[in-house]
Every structure is written in C-alpha cells, then in structure tokens.
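Let me give you the structure first, and then I'll get to my questions.
Going in written order, the chains are labelled A, B, C and D, and every chain counts its residues from 1.
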Amino acid sequence: MKKVSYIDNIAQWRSEFSFSIPVKIRFSETDMFGHVNNVSAFIYFEEARIEFLKAAGMFGNQDSDAAMPIVADLQCDYQQQIYFDDNIKLYVKLNHIGNTSLDVHYMALNEKGELCLTGRGRMVYIHPETGKPVPLSDSIKERLMAVK
Amino acid sequence: MKKVSYIDNIAQWRSEFSFSIPVKIRFSETDMFGHVNNVSAFIYFEEARIEFLKAAGMFGNQDSDAAMPIVADLQCDYQQQIYFDDNIKLYVKLNHIGNTSLDVHYMALNEKGELCLTGRGRMVYIHPETGKPVPLSDSIKERLMAVK
Amino acid sequence: MKKVSYIDNIAQWRSEFSFSIPVKIRFSETDMFGHVNNVSAFIYFEEARIEFLKAAGMFGNQDSDAAMPIVADLQCDYQQQIYFDDNIKLYVKLNHIGNTSLDVHYMALNEKGELCLTGRGRMVYIHPETGKPVPLSDSIKERLMAVK
Amino acid sequence: MKKVSYIDNIAQWRSEFSFSIPVKIRFSETDMFGHVNNVSAFIYFEEARIEFLKAAGMFGNQDSDAAMPIVADLQCDYQQQIYFDDNIKLYVKLNHIGNTSLDVHYMALNEKGELCLTGRGRMVYIHPETGKPVPLSDSIKERLMAVK
C-alpha cells in the first residue's frame, strides 16, 4: 500500500472500521480504460457516508435544531484497480469529532479483502438557512460514536 | 440508418432541425467497451432539452402560473458509436404541441455530419403543487414554435 | 397508468415478469427537483439488463463465436416519481427473440408495489470485429427463455 | 476561504494558474439539495486534467514508450456552492514534477471570479502492461511545463 498522510499504521487503521455497506460496481461506472472510473469512488463514498449518518439518525431525520452535515472536503487514494462486477465493501468510521464538524475515514475492500480505496473527508454541521456552523449536541456525538 | 417509428422521411426530418448545442464527450461518460455509455445519450438529451426550453423562456423563468414541463417519456436510437473526445451537435425540435404537452425530437451529429443518435420524448406541462396538467398558453406556444 | 405503445394489457404484461434485481437509489442520482433524475432510470435498466444477460450466460462469458449483444434502442415511460432512499425492484423480461436480436422489457416497482417505470429496448447480437449481426444459436435462445 | 494543506498563500497560488477550460453545469449534476452534487467536482477535475495532458501531448497521443499517466490520488475542497446553469472556469496547473509522477492543482472560479473549488492530485506515469512507474522524459517534462 502506498503511504497516505491520514494513515499512520495501516493495520491499526484498518482494524478500527466496523460499519460497512456492500457496493456492486455498475457497468456505467467503468470507463474506456477498462476499470472503474476515478469519479465513481466518490459516488461510493457518498453512499456509504449517508448510510453512516442515517445509522446515527443524522440524515433525513434531523433533530429539532434542523442543522445538517455538509461536505467540506473529500480525498481518495486509489490503492488498486476495481473492475466491473466486483463486489466491494465500503467501510466508514469516525476519525475525529469536533465542536461543529466531523472527520470521516473511508476504506474499500474487494472480495479478496484487498485494499482498493482509502479516503477521508470533513463534514461541517451547519444551519441550512444561515449557512453558519452549529455545535454538535452531546446526544448526536454519542449516536455518531455508537455507529457500528 | 435504421428504421425508427418516429421518423418517416429521414432527409425531411433532419432538415427540420435548427436549434442545437455543442456537446463535448467526457472521459467519465465512456465505458469499458471503449465508447460512450448508452446512459450518457440521455444526459446530452437533457442538456439540449433544457437549453431549448430556456430559449422559449420556459425554464427557471416560469410564467406567473408557475407550471413547469416534466418529462413523461424518453427514447433513443443508437445509430452510430460515439467516442471520447468527439464533438457532437445535439439538435432539438418541437415535433408536436398539444393542449398540455409537447413532443420533442432529438438528433446528434458527429463532426463528419453523420447521424449518431436519434430520439424523442414527451413533456407534460404540470402544476408543481397539484401535479395536474395545465394548458399551455398561446404565448408559450408561440415562443416554443419560434425557437431556432 | 398512462398508455404506452408496447403494453396492451397492463395486468398481463406485469404478470409475465419474474426476473428482477433490487436497486437502492443513491443520493447522487437525484436532482434539484428533489427526486430521481430522468437519466438515472437508464442506469438502472442497464444494471438489470446485464444481470439478465449474465443469468443467460451472455455477458462476460461469451460463447466461442465471441459475438456480443449491443443496445440498439432504449425507451422509458416515467409512471411515478422515485425518491432518494427508495428501494425499487427492477424487472426484466424477454418480449421477443428474433434471428439476430432480442426485444427486452423493463418494469420498476416501488416498495408499495406501484409502477414507477416501464420501458423496453432492442439488443442486436453482433460480431465485435465486423460489427455485423450474428444469428443467436438455439442454445442461447433456450438459455434466454429460461431466465427466471 | 478556508485553510487547505496544499495552499500556503492563496493570492500567489491563484496567480500561478493560466490553463483553464469552461465548464457548464448540467442539470443531471445537481442533487436534491438544490446545488451541484459533491461527486460532480471530480467529473470537472477529470475533464480539465485530460485537456491539460492533451495540451502537453500526453493523452491519446502517447510517446513511443507507450507509458500513460494514471491517477494516484485526488482531493477537493468545497469553497462555495455551485448551482445549475453556472458557467465555471476550471484551472489546472503543474505544482510539482518528479521522476515518475506529477502533482497537479485545480481551481474552479464562478462567473464573479469567486473561488468555488480547490483541489489537487498526483498522477503516476506507468507502463500499461507491467503497471510499473516509468521515468518522465525531459521532452515530456518540458511540454508539461510549457502548457499555458
């Protein structure tokens, strides 16, 4: 595996994931180079991130403060090609939780358990009307940390 | 060209188009078969259709009745492969205008002027809240028929 | 349900489907109108069509003649809006099988069993090098008709 | 603008771009939140990156060594929302050129000249058959540095 700035110890980093969703690669997600297009990785990250937020009750089921998490940045390291018809597992974990934001890590494994994608991204909890950051309540923090 | 139900005389049909937009094929719109993915044709149709509606003042600039055109059906015939980096022209014309709906035709030509895609689809003019069809005013009909 | 040219009797048409795949709507497949973008229907059709072909041993596992099915045309009727997070079932059936081509029908049902999408499209069995149509062998026809 | 690790001085960083392509936002690239979906940023990055490589004669027109640049990682910081129908300019510059890889930076400006997206990513020059990194020749390096 190549070195990435957000992973110190790959074995430990990998062991900290438990939440995952299955992703089946679609034909339209490949490109003329014969494998999955680079852009598609972020489709899978989004799908997994939303399922993670839903598991914490933070998506489509917002608290009365009506704040919502928006994506501030995203990054992906392509560790190994993914092909049409591959069944991958996309893992998500909470790496860090701040006052108004959260840093989320991503990992995709193929059917052999090999690392295909690693990534991360920060989300900020904002008020949909003002666009201003809103503190994450203790209740939300607890729910986020409890997602398995 | 293969026979399609919505074209009687191809020479005449083709001559009736004048409105078009340029479309540059993106790498992410190809697939592992080496050419443009079937799904992408409908991305181009949508882009051209919206530009056509905008030219008639029917998109993002709705009349006071606030009705909007929604897509009822779409079809596409793949006449010839399209490749990455091709510059195609996507033509749109009004085939028929009814009381509450319009039938729109599509044609894509490559740089050699060869037919790549033909298609059509009906749009219904509906009230966004009730979801019910709304008659197209004479003013809208005139604007639609005037798009060149 | 609105009238479509390829359906005579909707109850009978619907009863003839048995093969289906589950499709989970992704957030990136919605658009600013708040529901699934029109283009996405064809992503789902493609995914279902390929699974259907795979079930008949016609995809990625070609016979020694090395011919392959390519899409000649596609059409979709939007019967009812689909929303983010909906779980739909996408059905595929063989409507007609010719000498070198097949006509395939599509149906999407939501969780309430309501019709969301209907569609159809023809595929032609061609030789990848010459691009010429190749007859479908009796063995392939039998496998196609046996997919459930 | 928010702080990002790959930008020291934003005014200087911004002034170093000159190559750009126009990007017109498509309706299908929005999502139900009403603006451009996060994933779409990487579609635009890819389109701009390929045009940049083509300007250096490194895409579709490979040297006799037949090596090709592949994406090793990508990241994007969302500085400001982008909306349907926006016309943005996507800038690309060479940030660093190594022995077998290049680090490329991205910047998207809207029509008011405001920063919408910043990003970066590394490409590795590899042999398509062995998958091994191949040194970038002096001629390629010169062409890359000359793209304006």
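Going forward, a contact is a pair of C-beta atoms (placed from the backbone, for glycine too) under 8 Å apart; a residue touches a chain by one contact, two chains touch by 3 or more.
Just so you know, these numbers come straight off a predicted model, no measurement behind them.
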Report summary line: Label-sorted list of chains bordering both chain C and chain D is A, B
Query - Equivalent interface to C-D, taken from A-B, B-C or A-C so that over half of the residue contact pairs match - result: A-B
Report summary line: The chain whose C-alpha centroid lies farthest from that of chain B is chain A
Requested in this report: Could you grab the centroid distance between chain A and chain B? Build each centroid from C-alpha atoms only and quote it in angstrom.
Outcome: 36
Query raised in the report: How far is the middle of chain B from the middle of chain D, if each middle is the mean of its Cα atoms, in Å?
Result: 31
Report task. Indicate the whole-number Å distance between the mean C-alpha point of chain A and the mean C-alpha point of chain D. Result -> 23
Query raised in the report: When you check chain D against every other chain, which residues touch at least two of them?
Result: 27-28, 37-39, 43, 46, 84
Report task. Assign the assembly's chain-to-chain touch graph to one of these shapes: line, ring, star, complete, other. Result -> complete
**Report entry** Residues on chain B engaged by chain C in the complex (per definition of touch)
**Finding:** 2, 4, 37-39, 42-43, 46, 70-78
Report summary line: Note: in the complex, chain A contacts chain C through residues 26-28, 43, 46-47, 50, 60, 84-85
Query raised in the report: Okay, in this complex, where on chain A does chain B touch?
Result: 27-28, 30-35, 37-39, 84
